[in-house]
Amino acid sequence: MPGVPPTRFVFLGPEATFTEQALRTIPAAERGIRTPMRSVPEALDAVRGGDADAALVPLENSIGGAVGVTLDEMIDGAPLVITREVVIPVEFVLGTRAGVSLDRIQTVAAHPQASTQCRGWLQAHLPAATVVDVLSNSTAAIAAAEGEYDAAICAPIGATRYKLSVLADKIADHSDAVTRFVLVTRPGPPPEPTGDDVTSLAVFISHDRVGALLAVLMELAVRGVNLTRIESRPTGEQLGRYAFFLDCSGHVADGRLGEALQGLRRVCAEVRFLGSYPRHRWATESDRPVPAPAGLSDVDYADAAAWLARLRAGDLA
Amino acid sequence: MPGVPPTRFVFLGPEATFTEQALRTIPAAERGIRTPMRSVPEALDAVRGGDADAALVPLENSIGGAVGVTLDEMIDGAPLVITREVVIPVEFVLGTRAGVSLDRIQTVAAHPQASTQCRGWLQAHLPAATVVDVLSNSTAAIAAAEGEYDAAICAPIGATRYKLSVLADKIADHSDAVTRFVLVTRPGPPPEPTGDDVTSLAVFISHDRVGALLAVLMELAVRGVNLTRIESRPTGEQLGRYAFFLDCSGHVADGRLGEALQGLRRVCAEVRFLGSYPRHRWATESDRPVPAPAGLSDVDYADAAAWLARLRAGDLA
Amino acid sequence: MPGVPPTRFVFLGPEATFTEQALRTIPAAERGIRTPMRSVPEALDAVRGGDADAALVPLENSIGGAVGVTLDEMIDGAPLVITREVVIPVEFVLGTRAGVSLDRIQTVAAHPQASTQCRGWLQAHLPAATVVDVLSNSTAAIAAAEGEYDAAICAPIGATRYKLSVLADKIADHSDAVTRFVLVTRPGPPPEPTGDDVTSLAVFISHDRVGALLAVLMELAVRGVNLTRIESRPTGEQLGRYAFFLDCSGHVADGRLGEALQGLRRVCAEVRFLGSYPRHRWATESDRPVPAPAGLSDVDYADAAAWLARLRAGDLA
Amino acid sequence: MPGVPPTRFVFLGPEATFTEQALRTIPAAERGIRTPMRSVPEALDAVRGGDADAALVPLENSIGGAVGVTLDEMIDGAPLVITREVVIPVEFVLGTRAGVSLDRIQTVAAHPQASTQCRGWLQAHLPAATVVDVLSNSTAAIAAAEGEYDAAICAPIGATRYKLSVLADKIADHSDAVTRFVLVTRPGPPPEPTGDDVTSLAVFISHDRVGALLAVLMELAVRGVNLTRIESRPTGEQLGRYAFFLDCSGHVADGRLGEALQGLRRVCAEVRFLGSYPRHRWATESDRPVPAPAGLSDVDYADAAAWLARLRAGDLA
């Protein structure tokens, strides 16, 4: 129901991974019901089917790139919208049972992506240890907690949940790596504009239009709308059309983004609106709205519309 | 008074030149009062001051280029708008008193631009004649009629008015040369759109904006608005801003031209609207409206606006 | 050594997955040594270190999107180049030990991405079966072969290698899904142009340049170079610069792509050339070169260069 | 002969007008032979035929706009090039015979453009005087000198030549009005680049290419080449092609202008090079070269070309 905050949350499981950690930064989710799902499609279907109010799923990873399945699933089936983004640092820890010291570790359980991201640290600190692939970060934590392996690479929440000692934290090679999650709900009025918002879109372009992507970007550029993310989708070519996922600065309620959306609607084969929501801001960031470029604020749009109305009426005074 | 057709016309004189010839192609002017004025500024001031309802003045010449003074004067002072364009072929004739044959012509009176445009014909047919500069095409006709010179290069209307015999017609070297005139009135609601209209603008751009002209053209291109004429004005640089005179395809009442105008309003230092009016069509041309490019018709604009309204309301069905 | 075909190949393991299947479509690899590696970074490092001549690694998946780690690893460290792409259909099969029929299957081993891609088929044909996550497609095949589970979702090569019966093939929900792999080597002269080539790039843009992506696309568009893939990288914002991975039509040896590359070099903070190589063509596709757009062939480039040389010499004849 | 400075100059006559005044700012012309010609075509033909080495003709006027005939004549016939521009203020004076005071002036001889440009001054200072149109500024001066009329509006050089007293100077209503002249010669190597040059072009575009002007501007914008003047030519439409006269910042010998010219050559139906020459600078202006935008200097062009050569050779070190 529009206006009623969600209470039943699903997230990409298993529990005690970065996704749960991200979900718990949302106050309503911290108070509500949180259910892990086996896959992104199942999480989204739970929302579509009304079994959940909202799903938190990963959208992109600063190391591994886009998590394409989320977007593919969003545009495949009944409409869903993003109402919030959560960005958290990917801070892996090395967890062990109490009393295990670094020099005694011979086996380390880790999800393959996790061990890849901590490769430098492992070579420096555990060059002799055997890394064993497991299916998730929380599987790794459980296996270490149960003594199956000597240690686990996992999320901080995994170490806490399974009562592991953290022998080392922030062990990822890229210390600034982040993962971006989105909270997805059934369609409804978008969150209020904050002055620093993101709008996500999927646009489809007919195959035979030369310079089609340039045309899309011009629709945005002419209205001063910045792209913060773009990703082409590879199936396009075979299906006779190209698809792009775009994140734009601005809110569907803004004058300039509204006009840009109308422009895309006219030039693209199809435009799927995937939501307008506040841009994630770090605690160290200002909360101030981002001013529109000169001539592109809502006031400028209103002024130009009033001027056009006068011209059409023959009033040039 | 809006809606009341003009009855008192002024035009750039003297009489019996191409401007009067052009004016008389307008039925209301053929029935109304037609007064020649000494200069374009005086003709426009007569309209501004209410002494005339409309002024016919030259805007460009396919040989001599733009007639800059007309545009300069339009943007300097109280607003005026173009409500009609008239394009006529520049068909010079050689006129003489009755009985003068080509081989007896020793002197030819002509305005310097006229003799320049007929240079090839004169070299071929009157290589020995002396060409005498006079101040206008009708001055030339009068001088020949009074016997001051043996012949005159003048407009067909000049030969008729001063009862000259036409020894040769269409003597200009460029047989397709045309002159374009505009009918200028005080501001009022523009003529109804015909589906094949022109909108004239003057746009001013701040000096320090790199790529400013490109930005202007993008505002037009993104809405599929074609430029049919463009002319930069040379004073700009010293005054710290550039000016361009533009003729665009479309009517201020059209969705796409309206949006393009709003865009120009936002990005330019100043936009002066100089009128929307039917494009001149030759008798051999079709009267059919020109269809809008795909996605840019008024229907497409209305569809996109309705879609945006639905998005903003949260209706993605 | 340039010109010497590679003989020692590594690929993203384990063996008997789609990557090995793709590798074996390359004749030199079919004849050479093929060694599976635990991760993309390890595969690439084997090439960098000289332990292998070439690595086959996944670049993108038509369902799951870009495999970001491959590109990240290519631009991180000593230069490597792509010399070939291989695109194969993602055709999952359901494999069992001999004698197991569909109605007896209670457990199915599958990599999570594989079971997600076959979700519809599983719901239709094995609604009651339990799907068990395993670490790779070949792990699934081995587990079924050893009787640990009743069936496996795996690549055709996995069923063959581990002697499974194929109860159903092409069970992915998107029958046109493909995966794209690239063969990566140490730098050397690129393969000869074929007239239908791809050039891969990573471009980096300073944070503070408004419209930077538009500027990049204009460099390409002005030379008629099409983008076949684009992906922004999320780390950019924090590092003060944006990165994009681009696949362009054309070869570094082509006139127009050469000029476009020079343009990117001038406007971007950094451009990493990742290789020019023949576009993958399906057996049903024509082998004919793709003609350049009007005015953009190598002949046009040569003509324009010759004309400029004449102008500079003052020869306008 | 290339390298030999011109000695025989022609100019648009009659003598003692602004054109002669402009010509005499050129040292070689001050020392050489200066012959007035009746018209721009005759002046250019004198150069084409070898009867003169150079012609000084008007190109544009800050009040009256472009002097189209000059450009039309340049592109019609054997090639000619501009080697120099001269910009002078349009400073009209009121000249009389000795002893005539302002309150005694009843008739003023003036070229129609001159009286139009001094309209405000005339209304303020000589509201009762009759203005008589004459054919040129020098005709006006001669007529006043001979006592035919009481006063003349003319160029300063006209007052000096015909020994008129200057009763008032700088009487034009727009005190910053200027006229721009160009010195035209037969083709030869262009003047050396100065770092602040202008290149004049005529470009022709096929009628059926949508967005053709935008394509032209993009060729320039991508290389950071600024347009300082643009004028479309009205004959285009009937002939099935559009023409534009462009003045660009830069010199044909510059890397970026050279590449832009090659781009125009490829996308336009025809490009006519009309010369590269130093931009006119006022005495108060700095003589320093204008630095190229970031990434677009000749050094950047050379760097990018060298980088491309390395890529093509497979050298990515």
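As written, the chain order gives the labels A, B, C and D, with residue 1 at the start of each chain.
Quick note on the criterion: a contact is a pair of C-beta atoms (placed from the backbone, for glycine too) under 8 Å apart; a residue touches a chain by one contact, two chains touch by 3 or more.
Each chain and its UniProt protein: A, B, C, D = Prephenate dehydratase.
These numbers were taken from a predicted model, which means no experiment stands behind them.
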Partner chains that chain B and chain C have in common: A, D
Fitting chain A to chain D on CA atoms, where both chains share a sequence, rotation angle to nearest 5 degrees: 180
Which of C-D and A-C has more C-beta contact pairs: A-C
Chain A and chain D: spacing of chain centres that average the CA atoms, whole Å: 59
Approximate Å spacing (C-alpha centroids) for the pair chain A, chain C: 24
Whole-Å gap separating chain C and chain D, where each centre is the average of the chain's CA atoms: 57
Per-residue overlap in chain C, given as positions that touch at least 2 other chains: 218, 221
Chain pairs that touch, as defined at the top of this document: A-B, A-C, B-D, C-D
Residue ranges of chain C in contact with chain A within the complex: 38-41, 60-69, 71-72, 112-113, 115-116, 119, 133-135, 174, 176-178, 180, 210-211, 213-214, 217-218, 221, 226-235, 237-239, 244, 293
Complex contact set, residues of chain B against chain A: 2, 79, 81, 187-190, 218-219, 221-222, 252-253, 258-259, 261-263, 265-267, 273, 295-296, 300-301, 303-305, 307-308, 311-317
